[in-house]
Structure formats: structure tokens, C-alpha cells
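Once you scroll down, you'll see the structures, which are given as C-alpha cells.
First chain A sits with chain B, and in the next complex the same chain sits with chain C.
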Partner chain A sequence: MTNILVVADIKQGELKGSTAELLSRARALGADTAVVAVGAQVKDLADQLAAAGSDTQYIVEDASLEIFSANPFAAAVVKAANEFNADMVWFGFSETGKAVAPRVAVQLEAACATEIIDVTIDGDAVQIIRPAIANKVLQKVKVNAPKLVAVVRAGAFEADPEIAGKENVVALDPPETDTRAKIKELISDASGEIDLTDADIVVSVGRGARDQAGVDMVKDLADDLAAGFGSSRAMVDAGLMAHNKQVGQTGKIVAPSLYIAVGISGAIQHLAGMNGSKVILAVNKDPEAPIFNVADFGIVGDLFDVVPLLKEEIKKIRA
Partner chain B sequence: MKILTTVKKVVDVELNIHVENGAILDKGLQYVINAWDENAVEAAVQLKESHKADTTLVSLGSGDNTDIIRKCYAMGIDNAIHIDDPALAKADSPTFARVLQKVYEAGDYDLVITGKQAQDTDAGQAGIMLAQFLNIPCVSNVIKIEVTDDSHIQVSRLGDAGTEILDVTLPAVITVSDGINEPRLPAMRGIMMAKKKKINVMDLAGLGTSFEDVGGTAPTSEIVEFMPTEKRKGGQKFEGEPAEVTAKVVDLLVNEAKVL
Partner chain C sequence: MLHIIVCIKQVPMVSELPWDPRTGTLKRETAQGMMDPAARRALEAALQIKADRTSGPVRITAVSMGPPMAEEVLYEARALGADRGVLLTDPCMAGADTCMTAVILGKFIKNHCPDAGLILCGSMSSDSETAQVGPQLAEDLDIPAIGYARRLELLDGCIRVERHVDDFLELMEMDLPGLVTIDHAGESDRYTPRYVALGGVEAAFNTGNIQVMNRRALGLDHAFNALKHSPTKIMDVYSPVTEKKGRVLTGAVKKMVDTLFDDYGKIISSAMGKDLKTHDHEEDK
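Let's turn to the complex of A and B:
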């Protein structure tokens, strides 16, 4: 039997969908499942964590965990992994996962794999699949170490609504704070914004929008759709969009039901961040733009004409 | 302040990659400096200019990295080490981190700056693991480095909840995102001077270690096969009267794709 510990993905006190996705997959693999929740206020999430498909909930709660700090977070996960005797530790795709997974892997003497899209367990043999080279190839990787720490790529697994676990809460002592990489301040992302990595629809804006007025117009479309609002790198470099909005190989990886790329030409690094989307709509005035090679639906036209029309049409169907 | 920065030579992701029989074909591949490592080099050179930091670059790999090292010299790096060992062709992240550990321990560095990940593997592990092995602090995905005093820096990191500001005690490892800077284009003078500079090339034995010593012979994981990514195909593209095509596409999104 394989023991899989899933690290709860919690943002601003809310449990994110990836946790249930990972737990569903772990159960489908026949594994015993547990989840570890780390934060200043996570106790109250225990029933949700059980409903998401875990049979044990390790709770590491302390005021000192209010703002993310990688080493204490890793220490908490390691503690839970040892308590549970975990063969695998899975993180959802997040900056937290990317920062913490290698630390946990070193401490558990485990193999570490980021951005995995599949895991197979055949007796003692564990293999994972992950994209590489900006999503241009897939690697099949054999795990040699007795344990595996993995960060699962956004959208790789689906939550099974039938699955539920049972509540078995185990409180663990909080880790020590990090005195060598001391958190001084968190400049929070604007609250109330729709989380890009968790949104069902994502609208992203590219260079075609030209300036702030163009960005605002596309943002309006995103707001109308209650969509996450993302960006190409060009708009971040131009100072028109915040770094944390960048979709791509180096930024956020998204896999929504619908991705709307507005004025984005489709550089390979951008495509690597969104080509797991279920349906892609591209709006671009250049009919040769590479984005059309991956888009299910393309509108060749000036976004300054098309975006207001899209808003109108959407208003009609939503009425 | 002594800074060690790391660079990796990676396949150019802009070009087509062909996979056959489980392997990537060499044909048509070109190699470039990993883009995020270029940001790391720029960050190091900026600290050289602002705080008289001494900058050393290390590249790991199997084969000649002279071209990318010359580029970093031209950007302003002071010294370069190239660990050239055929065994490293198939090394995993912990092994790379162990080699970097040996390089670090052979110098007297205050700060290690690496790119947040390599464009070929997108793993993003070596820098963080290096800090774990050395038991020194590490902050990843950094977009700003400021020197506080001889033994402290303040960094900004892009996290899940926002931008985290941290006070870091040196020595430390920092992995940088592309948001930290715009790597400079080397000036002609720098390019000419770079040609005269010496590159300290050594294999693992020259570094006083061996492939076994750095865990290379017992990798935690190994790639057994490459496969082509299932390519998305372009679908329906509409040109014409904007109002008409927009209405048509929205109708398809609602009734055919059922995503609106």
C-alpha cells in the first residue's frame, strides 16, 4: 500500500480546488490518503479537507504561519510526512509548492519532481510523466528513491465528486520560525480578485492592447465573465500588468475551461503556461499569429472592435 | 562581497524539438544560455557595480560552454569556472546541487545567485537543494535584491499571496525570476575584453570529487524516455465583419464547446 500525503493548497484562508484533485487521484491509485494543512487559521478547514478525500488531516496551526515562510512550511510538511509514513508527498501547482518541495525532498531523502502530469505505481515501480522544454516534450521519469515529492501541474488531475474521506484530525506542533530568512512584510495581492490559477475562465491581455486604456477594456471583459485576468510577458515588461499576472513558462500555469487570449501573439513561453486549457479563444489582428495554431476558436480582428462586441454578446446570453 | 552565480547551457526553446524512439534528436538543436541564469548574471553584475562585489560564474555540463561564458564575461563577470565532465550529461537536480556545493565550498562566497529554473527541464530544484545541503537560507522566485550591510540583504519574492519582503542573513542562495532585471547587451569593449579572459575548466576530479561522490551513480530519479507532446491543433479561425464573427464565435462557445 502506498501512503500519499497531499499538501493542502490554501490561499487567503480558502481551500483551493487542487487539493481535492490531488486527493481524488491518490485514491484512484489505491493509496491511503492524508492531507497536511499549514497556516495561521486552518483548523476550521478539517471537514472540508475530509470531504476533499483525505482520511487523516494533519493540522499545523500557529500565528507565526500567517505569512508564508519556506523553511517552517517545509518542516511542517516533513513532520506530517514522517507521522503518516508517507511514500509520496504531493503539492498542487503553486509558488509554495515549488519553493517547499525541493526542501522536503532533501529532508526525506526523496526524489523530487515538479510539474508532473501523471504518476503510475506498479508494485514498487513508480514512474511519473512531466513536460519539459517549455512543454515541447514529455519526460517519462523512473523514481529510484524510496520516496517521491512531487508538484502536480495545474489541471493534470480531476476531482471526483463522489469521493470523500473521513475526519481524523491530528494536530502537530508548529515549526520554529526562520531567523535567517526573516519575513518582514507581505504586500498582499489585491483582495477580492479572482485567483488566476483557480479560475474557470481566464482572460489574458497582450501587447495588442497597447496601453492602460486597452488593458482596462480587456479587464472589463474579464470582470463581466467573472474570469481571472492574466497577461503576456510583454505587458508585464511594459509595466502595464503586475508580475503575478504573467501566464507562461516562468509565471502562472493555468488550465481553465476557457482561456481567452486577447492581443497575444503566442510566444512559446506563453503557450507553455496555458496550453492545458480546455478551450482556447484567441483574438488577434494578425492572421499568422502563432496563438491561432493552438486556439480552438480564433477571431482575426482588431481587439478594440472585437472586445466590446464580445462583451455585448456575453451580456445577451447572460441576460 | 563574493558572489557565485550559476549558468546552464540549454536547448533553445524557440526551435522545433523532434523526438524519435524515446530520445530527443540532436538535429537542428541549438544551445543558448538559460534565460533566467542571464537574469542571475545581470543581478550579480549590478551588485558588482553598486557594492564592488567580486563575481564568479560557474557553469556545469558536458562539453564546451565557452560561448555562453564569454557572453557573461562581456556582461561584466570577473571569474569563470566550467565544470566539464561527460558524467554530468545525465545528472539529476540533487547531483547538480552537490557539484555546486563543492564549488561553493572551494570558494568563500557570501551569496549565490541562480536562475529560478532551467528552460530545458523546468525543474527549479538545484538552487534550493544547494541551500539545503549547505544549511544556509534560500529565497526563490526573487524580483529584487538590496544590500543592507555586509552580512544581510533584503529581497522581494513573488509568492502565492503577494510580494514577500525578507531580511536574509548571508551566506544565502537566491533564485531569481525574469522580473528582477533586463539583462544588458554587452558593449563591444566588453566583448573584446571577454575574449582575453581565462576560463578555469576542470572535471569533477579537478574539483576534488567524483560522480559517485556527488550522488551521480545513485540518482534519485532518471529519465527513461522522451515523448512528443500532444500538439494542440488550431481550430476554426474567423475573419470578416467583426460583429458577425464575434456573434458566431460566442454562439459556438455556448452551444458547441459549452464553456460559456
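Let's turn to the complex of A and C:
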């Protein structure tokens, strides 16, 4: 029997969808599941964590955990992993998760793998699959250690709505605070905005939109769709979009139900961040644009003509 | 005097992917190599700290673990302004995964750079994209670490780091010695790497002082075998099938948008959380 501990993905007090996705996959593998929630106020999430598919909920709650810091967070996860006798610790994708996972791995003397898209367990043999080189290749990796710490790529697993765990809350003592690296100030880049990595629809804008007016027009479309609003790196470099909106190899990795690329050529580094999306729509005036190679539906046309019409149709749906 | 260690990986140019099907690792010998773009930014950060007179005297060691050809990136680092280039290479280090790489780099720093004050790494290499070596190295050295930094400022005995993670801009302070990984970012930001004239690299080649250290020089156990001891091993590498045969329309814009909503109206509306009755065309009315 494999024991899989999932690290709850909690942002601003809210449980993110990836937690249920990971727990569903863990149960489908026949594992015993537990979840660990770390933060200043996480106790109240216990029933949601059980509903997401965990049979034990480790709660590490302390005022000092209000602001994320890698060392105490890692210590809290290690504590839960030892308590549960975890064979595997899974993180959903986030930059903070990616920063903590390797530290947890060293402390548990576990193998570490980031950006995994699949895990197979065959007796004692554990294998994972992960993309590399901007999604150009997939690597099949054998785990040569008794334990594995993994960061799962966004959209790799699907939540099974049928699955539910049972509530069994175990409170753990908070870790010591780390005074060696401390946060002095925290400024939200995204207050009140739809979280790109958790949105059902993402609309992204590329260099085809040219300037601020073009960006605003595409942003309007995103707002009409209640979608997350992202961009290619070209728009970030041009100073038209903030870096936390960049989708791609060196930006966010998203896998929404629907991804709409507007005026984006589809460079390999951009595709690496979005080609796991379930349905991809693309608008580009160049029929040869590589984005059409991954699109389910492509419109070859001038985005300044197409976007207003799209908005009209969407207004009808909203009405 | 602040001793900065910059850990640099040589990566293959993305256009070529020579994998060894027998060992399941990248055949780095036959690949055209280059300095990992994130590591290049880490080096740039070190060079800027050195150039800033208020930092006091700074010494930069560029270190790489890799096959003999990885010395190229160290010559380049020297040409850019690193004071020392050290290549950690030995047949027994071949096949090291991120964990073993961190152990080898850790051994070098513990045994040969006891005065290291600041260790800089790229946040994530462009080939294997694990983002693991930096944090594992910090854990191995038992020093604090901050990942995904955008801007560094040296203070007395500590460093101030600005970084963007998960939609937050964080300003942090960390005691030294410590480790920072430098993020990828827009082209026009602070650590956009400087340009080396080719003559510069050639000149650095001519000075010929890259220090090469093998297992023994490093102080690793004689039984050390990275491939065997790595907790992960790549078994197979293959190309994912990513091309979709989607529908790509050209023609009148109105018509294309109508077809889109005929085909995908349901999906769009359900993603919006709305019911779509049927999509009606104006001209049908």
C-alpha cells in the first residue's frame, strides 16, 4: 500500500482546485491519502479537504505562517509526511510549491521531481513522466529511492466529482520560525483579479494587439467571459502586461477548459505554458502561425475585426 | 571581501536533442552547448554586485559540474568577468540527477570555498527545467535560500531580495551566507545579460586558467557513482504528440465567428457557467 500526502494549495484562505485533482489521482492509484494544510487560518478548511478526497487532514496552523516562507513551510510538510509515513508527497503546481518541494525531498531523503504529468506504481517500481525542453520531449523517469516528492504540473490530473474522503483532523505543532530569511514587505500584483492558473477560461493577448488600446479591447473580451487574462512574453517585454500575466515556459503554466489566444504566434516557449488546455481557440491573421498547429479551432483574420464580433456573440450568451 | 559562487550549467541548444537511448541521458558530448540562460542572469547579477563600489571588494567563482566540454561556459564566464572558473568533472559524476548534482556542488563549496558568502544559481535550466538544484544545494549546505529573485541589494551581513512569486511581489532580507536563484524575466529588466564580443571569449581561452577538479580533488568518496546513487534516473525520452488537426478557417469574419459558435458555443458557454440554447445566426432570422 502506498501512502500519498498531498500538500493543500491554499491561496488567500481559499482551497484551490488542484488539491482535489491530486487527491483523485492518488485514490485512483489505490493509495491511502492524507492532506496537509499549512497557514495562519486553515482549520476551517478541514471539511473541504475531506470532500476533496483525503482521509486524514493534517493541520499546521499558526499566526507566523500568515506569510509564506520556504523553510517553515517545508518543515511543516516534513512533519506531516513523517506522521503519515508518506511514501510520496505531492504538491500542486505553484512557484512556492516548487521552492519547497526540493527542501522537503532532501529532509526526507526522497527523490524529487517537478512538473510531472503522470505517476505509475507497479509494486515497488515507481515511474513518473515529465515534459522537458519547453515540452519538446517527455522524459520517463524511474524513481530509485524509497520516497518521492513531486510537483504536479497544472492540468495533469482531473478531479473525480464522485470521490470523497472522510474527516479525520490531526493538528500538528507549528514549526519554528526561520529568522534567517524573512519577508519585509508583500505587495499583491493581482488583487481582485481572476487567478490565471485556476481559471476555467483564459484569454491571452499577443503582439498582434499592438498597443494599450488593443490590449484593453482583448481584456474586455476576457472580462465578458469572466476569464483569466494572460499574455505572451512579447507583451511583457513591451511593458504592456505585467510579468505575472505571462503564459509559457518562463511564465505561468495553465490548463483551462478553454484557452483563447489572440494575436499570438505560438512560439514553442508559449505553447509550453498552454498546450495542456482542453480546447484551444486561436485568432491570428497569419494562416501559417504555429499556434494553429495546436488549436482546435482557428480563425485566420484581423483580431481588430474578430474580437468585436466575438464579444457580440458572448453578450448573447450572457443575456 | 564577499566571495560569490555562481553555479552554471551548460545546456544544449534547443534545436538539437541528442539523447543516448542506452543510458537515457542527454548526449552532451555531441550537442552544441551554451550557457543556460538563467545561469547567465545569475552571473550578471554577480557582476553587477561586483561593479557596485558600495559592495566593497567582491570575488566571483564560476563553477560548473559537467562533461569536459562544459569548460566552454566557464571560459565565457571568465571573459564576462568572473575571477575564477572551476569545472567539476569525472566519469563517476556522469548521469547525476539534480540531487547528486547538488551533492557534488555542495562538496566543492564546503571543501574548497569555506568563505563563500553568496551562492547564485539560475532558477531553472532551459533543458531539464526542474528548478531543483538551487533549493537542494541550500538544504545540503544548511543555509537559507530565496528563489525566483529579480533584484538583489547587498546590505551589511545580509542581502535584500525582490522577487515575484504566485502573484505577489515580495521584498525579503536574508542572512549571509545564503543562496539565491535568479529568475527568468523580461528581456529589458535589471539582469539582462551583458554581451561578450567573441574576442573576449577567445582572449579568455588564451589565458587558459580554468581549474579542473575530479572526484579525488573534490574529496568525494572513492565509491561515488552518480548514476547509481541518483534517486531519479531517466529511462526514456520521447516526443509527445502535440499537433492537433484542428479546424482553421479563413474568409469572412462574421461567417467564421458564426461557425465557431456553432461548433464550440456549448463549450464556451459551459466554461462561462451559462447554458447556451442554440446558437442562432442573424441572417437565419
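Assume the second predicted complex is superposed on the first by the 319 of 319 C-alpha atoms of A that agree within 3 Å, B and C clash if a C-alpha of one lies under 4 Å from a C-alpha of the other, contacts with A are read in each partner's own complex, and residues count from 1 in each chain.
Assume contacts are C-beta pairs under 8 Å (C-beta built on N, C-alpha and C of every residue); 3 or more make two chains touch, one makes a residue touch a chain.
If you're wondering where the values come from, they're calculated on a predicted model, not measured in any experiment.
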**Prompt:** Clash or fit: how do chain B and chain C relate after the overlay on chain A?
**Reply:** clash
**Request:** State whether A:A226 touches chain B only (first), chain C only (second), both chains, or neither.
**Result:** second
**Request:** Go through the superposed model and pick first if A:Q48 touches only chain B, second if only chain C, both, or neither.
**Result:** neither
**Asked** So, does A:S64 touch the first partner chain B, the second partner chain C, both, or neither?
**Response** neither
**Request:** For A:A295, select first, second, both or neither according to whether it touches chain B, chain C, the two together, or no partner.
**Result:** both
**Message:** Once chain A of both complexes is superposed, is A:I317 in touch with chain B (first), chain C (second), both, or neither?
**Reply:** both
**On chain A, positions contacted by chain B and by chain C** = 11, 68, 70-71, 94-96, 98-99, 101-103, 105-107, 110-115, 127, 131-145, 178-189, 201, 225, 233, 236-237, 243-244, 249-250, 257-258, 268, 275, 279-281, 287, 292-302, 305-306, 309-310, 313-314, 317
**Request:** Using the touch rule from the top, collect the residues of chain B that touch chain A in their complex.
**Result:** 11, 13-14, 16-17, 19, 24, 36, 92-94, 116-117, 119-125, 128-129, 132-133, 136-141, 143, 154, 158-169, 172, 177-179, 182, 218-229, 232-239, 242-243, 245-247, 249-250, 252-254, 257, 259-260
**Prompt:** Mind pulling up the chain A residues that touch chain B in the complex?
**Reply:** 11-12, 67-68, 70-71, 94-96, 98-99, 101-103, 105-107, 110-115, 127-129, 131-145, 148, 178-189, 201, 225, 233, 236-237, 243-244, 246, 249-250, 257-258, 268-269, 275, 278-281, 287, 292-302, 305-306, 309-310, 313-314, 317
**Request:** Note which residues of chain C are touching chain A in the complex, please.
**Result:** 14, 17, 19, 97-99, 102, 124, 126-136, 138-140, 143-148, 160, 164-175, 178, 184-188, 230-240, 242-244, 246-250, 253-254, 256-257, 260-261, 263-265, 267-274, 276, 279
**Message:** List the residues on chain A that touch chain C in their complex, please.
**Reply:** 11, 68, 70-71, 94-96, 98-103, 105-107, 110-115, 127, 131-145, 178-190, 193, 195, 200-201, 225-226, 233, 236-237, 239, 243-244, 249-250, 256-258, 268, 271, 275, 279-281, 287, 292-302, 305-306, 309-310, 313-314, 317-318
